[in-house]
């Protein structure tokens, strides 16, 4: 059972990275990116191809994935960020779908629908299976912790303040001298890079990736993590991702009590519940489990300068 | 030419749903991605009435329109109305979540098995070397009639006029004495019926299964966006454009990339229309 | 009327600015100068194009014709953030506070230099970030004190009253250390005693710090007390220009407010 | 005889009152002008009568019928018809459609339309154009026509001349003046062109800071020497 | 900050405590755990239930008779959703949480391949039905058995039939997936062997699209006198419908599992004349009848549950393998499955017979309900019966049965 928990935690770690990346884009900057799964897929394949076809080590694959994510994110952002929010949503959604189609059809590169078998793993050779699992978990959790640290840093500095200002009303930071486009671009690209990195970790963890692994339900789960956890709150995304993975995996253990339903209905029910929870949270608790943190000033307010003049 | 007929047949399926999508968009200013879900509901409703209950297909279609009208009205009342005033992105996310819920409710109730109408399959009629299946003739005519009927409804009837007035400027409509909530409800029901019709037409043309949801949502939304999200005529023309683009891709490129056509077209259109879906930016306060 | 200083270029030089919306010319060939150290009042009836002119001057809208020079730099068609960096900031007619940010954060955002606002700074220069942020916080508190919002600094800006939001905008502008500040109906909706304070504040900043103001205001008393020069707009055009006494004696101005007897 | 009657009416938009207690009466065939500086609450008062702004106190009756509980639509049906200042036509509808849709639920739409076009004959040449493509003056005329389709008892007109050229200002106000007489309408008009309005109105009220500071015969008010000063906010 | 800290502490405590608690609860489970991972939804949805039912029936029977090595068998059932991603999650749960010794029943090749690295690493036996030619590649530890012949064998049977019918120019179309892609390749080779030729390029399309008109149009305009459509029922139905409506007059070859009752119901009489073939259970053979009786069906001389009988064999082979190996370790079981399946030894058709003989120290040769269940060294089926049918008036009329041997 602990091996299973290790597996679940590994998946959760990957979702945490995805959720944190989306939280930077959506929670802090207000960018509606429905293409999460596209960058995730891109990173997974880029890394897989780098390690399998070009014999790069795991770290090399990870770097290739991140660079690919940056390039794709940058191009997509240049194309669509100047335009209004709903535009970005549709274009990113289309990006994800197109990426999936390309990987499904270009067999010479990706193995097409039968997928890519990935033998490179972030483990030391010749250890037991469970030791390997722990090593993969350690790598993924390190990634998650680093991402969290990065996000907390970005959110907690004046940089994050500018992003939040852009989210609230882009005109205000613009008229105060902030180059809104550059901030948005940075936020989008950093998020894309992290999503691609998550894809790389995922690829080397599951070892077989097919385009079917990267369909819209994955994006829905990531969105749910951010919305449930609390947009704008980085720890919230961590908790949100854990909640979502728990609901998703935990529902497996409910199957015996749902004997009157067939397996198909159980799997449908799972998505009904997830979708409904998402809608309910947006409706009744838009701030999520953890509301956006209050940013306390660096200097506590002790003295109050009297009104002069 | 054969290709054009085929494109028209595809367009005929998409058109009513695209018109419905446009109608909801102009009334409430949100892109309802649950469109595909509603079309699927329509297809299953028509199938239930036609195959297991043994009603004639036209009755199934009418029933589907009723069921869909109810479903759309319910979703508007329960899901979207309380969220009015939230950002477009939020509503988009909600509508995507809703489409997932709908798809899986259907899967829950009907299973993943494909279904087909109780409809004999026959060969085409041939005119001057052009093959025109009988069903295609039906699908195109019904869709054309429905689109024209909705166009006429909007253009010539008092309720249609009221609908356009409310979509144009709801607060003025209120001052001018129009029953705005009632007119909105009417618009929602018309849109729902159109989704139901599209669902029935899909069923005539395709196997009915819950996966229809995304497969149909994207081209429908693309058609509506190409059409400019304003007029039903625009949406119908948009449907023809999408139909042609898909046929061309399949014929001259690769059928496997057909799924990306809708998005590429949306991206191109929006690039030429950089103010995005909402047209002019709405003042925040 | 303040004499223009020989050594400094005009703060703003508008030349033939024109803006049309769907065929209607809202700002029609407007030209004027704002000299350093001036308080320029911009008045005129509703729909005269004053706010649109502000939008053109702050880069929110791009003019269809005409030129804009800010501090001697060609600024026609520049985006808002570039204009802000040229030393020109503005408030909005309907206060645009950032709801979810605290009052203090709203002001901090306007800090002119803050290492922590750049990506590399935020990540790799923690010491500089802390230093800048500390300085900015202290300055922001001074600004909040100036507009009597000190007690509210940790509230979300959404919780302020309409008048307080206006004051917050004022504080933000001051924080930005711009030399030219455009105030769009800053006194509208603000409690009368605060209006007087704002007026005093503007005067003081103008005298002691040499700040230049362009003020749109319907409260004519406010304009008369403050403005060294007044531009009157009507139907998108400049109708009259000069001291308050001068323009208020102008029959055309009176007409534009009262309407002509047809 | 009083048609519209306001007593100590207070109103606002939910964030504190803007209109602080106004008494006002309009009789049939009478044109009453509301003038005053910007931000005095003139439009808010009009909107409160129409039901668009919130009444927070006082009474508001039309033909002794309490209007306060009614929705804007019901108030229009009761005869208190509002013509907003801007966005007052459906831009995507033709002029004819704009008129027709404004008589929602009436059986005699065609007859009403004929009535309105005969009252406002200048509309005739552009009846089939889309309202969005009309000039400012034409649009105001259509907006007025739309208001008339409801066969109002009292017409509440908010700055009908905003953005119009001086020539059209006079024309528009003349049309209103004639309407009041011809259809025994009560007209309550908010007008920036105070002088032009006073010249045509029967009575006038000067509103400053949500209170009536002067009222009486329009002609008398127009002659007051300090009238101009009011508009520079000095009487407040 | 305080809240966060508390949350963190609670979370850590739970994370540390949970495995211990769970381990305590599940301590040293006596029963033998077997995973059944079948497609209950998605493209394989129509075939999963009969497989699940067969697995369950065998396990219930065996448990009633005293279990395996005196231990009860516990069946862990999961839905593969015909989706590798879902299947991997489910397999992980089965392997790590339930500690199954084998995963049976995977249907789509992509699913089987998707969970293969996991199973290999955890030494879990896989017995499945699949036909992609790439299946043997990932099985480095020889833990896999396939109860269905690969595409190569399948295509040989179909190409033979086509040649007999005089159809030598055939166009190929199928969904864009591993199965159809490998089918296309194999069919092209098999057809060339009998002197025929594929018309044009194989046409692949995405399943789940709104319209298949363009695909049908391309097939019609290719002018091919016959078509081989390697689709599943979900995509074959609309493609075929478009072909009929488009006036296609040529012969159509298909795979039997796609033209079942659902397909016939959907296209009606237009299904007449479709030729189809598939690996079949030996109808009329005692083993097949025994299977049908076990799941409560009456032998009627027709093919019923062509995947259910394979699932029946999957479970029997596994349990016999365990009984023979006297161990639940994957590699050992796999080694012994080969022994009980290929013999030499006495023919047995049920677990009960086999277990008895094994207990007596004799060797056995299991004869299955779906085939004789003899394997090549790589775990792929040696040979299997293929039946070729023509649809006539709603019925599948048997044309011929051949036994197609797999190439090595």
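So that you can tell them apart, the chains are marked A, B, C, D and E in the order they are listed, and the count of residues begins at 1 in each.
Definition applied: a residue touches a chain if its C-beta (ideal position, glycine included) is under 8 Å from a C-beta of that chain, and two chains touch if they have at least 3 such contacts.
Everything numeric here is computed off the predicted structure, so don't read it as measured data.
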Q) Steps needed, at minimum, to get from chain C to chain E via touching chains? A) 2
Q: Determine, using the mean of C-alpha atoms as each chain's centre, which chain is farthest from chain C.
A: E
Q | Centre-of-Cα separation between chain C and chain B, whole angstrom | A | 48
Q | For chain A paired with chain C, centre-to-centre distance based on mean C-alpha positions, whole Å | A | 41
(Q) Report the inter-centroid distance (CA atoms only) between chain B and chain D in whole Å. (A) 43
Q.
Suppose each chain is reduced to the average of its Cα coordinates; what separation in Å results between chain A and chain E?
A. 35
Q: Could you check chain B for residues that touch two or more other chains and list them?
A: 107, 111-112, 214, 256, 259, 284
Q) Can you list the residues of chain D that touch 2 or more other chains? A) none
Q) On chain C, where are the residues touching two or more other chains? A) 96
Q | Complex contact set, residues of chain A against chain B | A | 26, 30, 32, 34, 79-80, 82-87, 89-91, 93-95, 97-98, 101, 104-105, 169, 216-217, 220, 223, 227, 264-265, 267-269, 271-272, 274-276, 278-279, 282-283, 286
Q: Report the residues of chain B in contact with chain D in the complex, numbered from low to high.
A: 158, 161-162, 164-165, 167-169, 171-180, 230
(Q) So in the complex, the part of chain E that touches chain B is made up of which residues? (A) 41-42, 45-46, 176, 203-215, 217-218, 220, 233-235, 237-238, 241, 244-247, 262, 265-270
Q: Could you pull out which chain B residues touch chain E in their complex?
A: 2-3, 6, 9-10, 13-14, 107, 111-116, 119-124, 126, 131, 133-136, 202, 205-207, 209, 211-212, 214-216, 219, 246-247, 249-251, 255-256, 258-259
Q. Inside the complex, what are the residues of chain B that reach chain A?
A. 31, 79, 82-83, 86-90, 92-94, 96-98, 100-101, 103-105, 107-108, 111-112, 214, 218, 221, 225, 254, 256-257, 259-260, 262-264, 266-267, 270-271, 274-278, 281, 284
